[in-house]
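Got a structure for you, written out below as structure tokens; questions coming shortly.
First chain written, first letter: the chains are A, B, C, D, E and F, and each begins at residue 1.
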């Protein structure tokens, strides 16, 4: 399995920003009503089936609020959760638990939602693999890309700086052939992926020396034909028109990857709650 | 109508972070293949019906990349969009348009998605009004709360610092009556809202002097009874078990507000594209 | 008592900025003359009577400079200090103590100054309560609002985003009645406070459904009359012309709150020193 | 005259932080009630005599909120203001003026307060000159040091990194002589100032080669004697026990500088208002 | 040619930090002595032969200090400079020119130094191409990688997140074969480069399906043999022992790339001055 | 010896920025291939003779990546290193060591490179002392100035705000005499250094009361004459035309300081490696 956690510097920054957003400037007015010496124990519980992601974020949220809060986990990013699964237990001052709760749950729910939807797509797409896109939530890309990995997907380019994706109508007069050539000269050592809308474009991309193709808005039948044409020389990725009803058909075409924007831009949260225990 | 745009300082910060995330450190490799003197014109087009939100963010994304890009808008936040509606037109160097495109669309799509779902709930809930929650995406609260307003919803407390919401099982031994009293002493001049799971709690909240109640996880019938009991003395809000199928029934109970976490935490993006024009 | 400490994220940020301002880029030139292995013990001592605020800031200043410095406190925010009171003791490398000293004292003195003046006003105003304003030092609002609470005052709205305060001459042609109505529609569930300069405006505010009034620049006699007119229906706050000589008279009018900008914008520091011990 | 404005990068940062503190996350709720097309004109007016400082901050506050707001000034930092003086006029959308008003006034009032008190001390201390200290408000040092210059004072070291000030009881066993020698070796080319509490220490400091002395907590008579002893070889500065009643006596001793913490840490705001005009 | 400028967001951030470092808190003391109404004109002049890089940084430095300064350029990043070449002319208030000068020159000199050394290596290495490494100055990677492009080099991976480089002694017990396989599964669609110290390792890397090899610390003869073995199946890169005396021999081996840490970590500045004109 | 470490707040900020630059957004792809439970031990080893600087940065890099990594040092900033010297040992998870390695080495190598070159100049210049300039790498001034101290140099002014350096052709019509007078009035208590290109200027500077002179672009003979003229009244500094071949001659002239831009702007890295141990 790949590395399923995001870099800590992203976790620290996102959580700090989220907490500032939620507690400044006066602090948690409601928690301030509770006596400061009341301690509590609470359990993170999955209220529906899914896949966990975001554990480091939840830990960081409590720790930044109060370094004395203790967390014990029984699941980690990438683990399947059944409704009712206890994911972890948090112990500490009740005030601190209440103040950090929503930030922790917002991150856990959002990222686990992405992991869960990714897993669903990944299971249906096999043997093809699910890839994410740059259609992520601004500010959360590092966390969402890690959640995709936790769900069993693989990451496409992380941003405009670490991959080349040539689309024919975006070239301002350049042909695909010229664009691939230019990419090879300017950014050698990088895979040049070409988006193709037709078999003709695929032929041009192959002849130009593309390192990967992205077949956009084709039917599974068209994709299968393109896979035959490509004949394993370079990886084939599919996008457009992919949903839970169609992903299986695309996955069965022989394509290597199916990329799905919806796993990051439209995943509903996974319902995870924090239950105070007596 | 309320003010439908988020504060500019939030817009500037979120866009700067999103662009840094997408173009650092090498810049847009693919756009660098295009000749720098090619100019283009592209239209933001709604690919499905919905409600617009996030226009300031889209403007900011292009402007931060290239101050010479010009944008002309034919719709503003809060406007209904039909499939095919041209929302605005962007003109400038093709390279700059390509580089800013995804960040602009990610924000437009995400925020318009929230506005669209909010509008749907708001239409069904009338005469009750839809309120948001703190279940927002970390780092984007100011933008998402504005999108809720654009969709016709109203904002609940913005964060833990600007409102009091007492939940009986979160008090560490304090009664509702004691908590409301304490809140009145420590944070006078603020509305103290009390979450009630039962008619008994409602009676206690009313007697304690709550400024608003949040009826949680009740059926529409139970809500209606609570509305009768409250008799207009204070506003009544409903939460829990609310979805597009049930919101109409809750809205018809006489409650003032129905709060829905899903409008922010689980709204799918609204599909908006940027079409390059010849 | 309310929660008297500011949120830690505000403390961390303000202290980091203050230390950067004081030690960059070369560090503490003078402290560098001291041998690094000299340890010391020093006591924070009140040089005049007052009220403590800012303890978390002082701790944070030493800790950010040197995690091995140890602090032991005998007083906390909100405690009364007599001249000569030892507030706390700091032990550690002399160099680190010297470097953090001024930042710690600047924050302790400034915030304790606010708490001290607030306490003075609060004692004179009783049974009315002292409220702060938005006339705070830029960048320090969270800390100063907490210092007001430590002094026994209560917080008015924290910022423009968490409260509505309608002033008649700021409405651009709107009447008070229209403004209150609009506020209720756009920002329902929030208290709408109306500033009144006259009895006529008070009547209009009451009729419009204001949730609180702010009587501005009235004499105590005028305030008393307004209190009679309001008759407990909504809270009454007084501002303008309030100083230590007059606050008692205003507090005796029956008004609920007296708000005073001077407690934050013009409080002199409380003189606190750090005495090195042999 | 010296340069009376602070560096723009400090102005931009402080204003951005102040506005974020005041308008996030929902924006200015009250200003949102005003119709967006109402324009207004408002004058900054001194409500009491004083000295102006902070003009760049006021400009920046309006500009960051709304780039279409126009400001025209009739006074600049360092100018004397009489009660009633119109300092400047701001024109633009009423909403934007209302939202930026408090931030602009907080900075103008705070910094002009410092300039005003400084001027008062400076006039009384002549021919000695008033110097500031490091007893500034955390986060505002660059602005406050500029306000001191606007008031006719001069700046002491800006921070621990740009000057050496040796205090005898802070040396951890080192003598003044040793400390001055060490300072000369480690930080050559910098003035080494020595704090002296007695004539004996002054003699030691002079013999050690101090570049300036700071006479702390002496009477004017003691200072005069020290001035005679020093005989113009190095500058003499006085601190401790200085207030508006005593500063004249200290200034007449022949000392070069009198440093006063109160001009930054305890200056009351200068009352400046923003009057909307019909 | 590739895109030779760094992303503007990197330029803005680095320049803001550099100026803060150089002018806070008191501003430019020396420039403050100059009368504010003196205007000047100054020319950037190359004092030695080289290649220009960093033009955007120089513009940004003056603009952040004073938006009224005007710059006119006669050369751009990537252009060859002869000793005496006038690169550009800056016109504006003398004070502002003096204050921004050093920051602009530090960036121009540092980045042009990198471009110059890169060009020297690139000319000698042809037909092989020069690649940079991650041995860049902390905080300046985006700018330095662009300077390498300006010098005619090409960029290796930008950071640990956008490329895989397997070194045999860093695998903790994993074989090269296993590592390449794992990389293909976890990070599919990315080139997996393998560092080889011997012909045996090259064979293993080729068999494992490496996408590129990095031959480390081999002689030109050994490299030539490896090139023969690889036979054009994948690109070959060379590193270690490369300097200006040896790069020609390595470039003649048939290898595709020669990577050189020294072009970023040890490039002396290019001497560029700013000459005030009468 | 002076204080040889930079302030921790500079260390923390630079390292955080460097790591973000190197690991975001996906983390270390290559390290993720290693099994997470593999631990390792690695030694920092000098691969050439030199002087150490940057130890705090190396510690911070590992600690920010993984708080469980342990470092033990056998050398500190300022220590001479022979080729083969083991500087320190790091123990912890192999993944974490690999991820932090390059950032730690980049900082160690860059700063030790500066210290090493400084030491070389300092040894040759004695009895004159080597001073640095403002020709530092943007963003790294605090670290580089500390590295100069570690190498045995002393720091010139840290920035434009903490020292005055008058150059005759930068005065916009002002004479040296007028500039020194103005500096004394506006910034009293600070050393005013005057740059002199000729004996005539030296005479003017001395007569004007300069506190130090900087003799620019003179031969050692001219410097020696200026030293005789100055006759110890104020310190004399030399700059321009100084390199390793000439610094000895300048140092023998009797001048107090020789300032060299090259020690910061053109120092090659010191080659330090991290050797994994079995």
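The definition used in the following text is that a contact is a pair of C-beta atoms (placed from the backbone, for glycine too) under 8 Å apart; a residue touches a chain by one contact, two chains touch by 3 or more.
Remember, predicted model here, so these are calculated numbers, not experimental data.
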{"item": "Components of the interchain contact network lacking chain B", "value": "one piece"}
{"item": "Interface composition of copies chain A and chain F: same or different, split at half", "value": "different"}
{"item": "Selected pair, out of B-D, A-F or E-F, that shares over half of its residue contact pairs with C-D", "value": "E-F"}
{"item": "Chain whose average C-alpha position is farthest from chain F's own", "value": "B"}
{"item": "Between chain A and chain E, centroid-to-centroid distance (C-alpha), Å", "value": "32"}
{"item": "Chain C-chain F separation of Cα centroids, rounded to whole Å", "value": "43"}
{"item": "Interchain centroid distance [CA atoms averaged], chain B/chain F, Å", "value": "51"}
{"item": "Residues of chain A engaged with two or more neighbouring chains", "value": "2-3, 21, 23-27, 31-32, 141-142, 155, 158-159, 161-163, 186-187, 190"}
{"item": "Chain F residues within the chain E interface of the complex", "value": "14-15, 17-18, 21-35, 38, 40, 94, 98-99, 102-103, 105-107, 109-110, 113, 134-142, 159-166, 169-174, 179, 182-183, 186-187, 190, 261-262, 265-266, 268-269, 276"}
{"item": "Residue ranges of chain C touching chain A (in the complex, touch as defined)", "value": "2-3, 5-10, 141-142, 145-146, 155, 158-159"}
{"item": "In the complex with chain E, residue positions of chain A that touch it", "value": "1-3, 129, 131, 149, 154-156, 158, 161-163, 185-191, 193, 212, 235, 237, 256-257"}
{"item": "Partner chain A, residues of chain F touching it in the complex", "value": "16, 19-20, 23-27, 31-32, 64-65"}
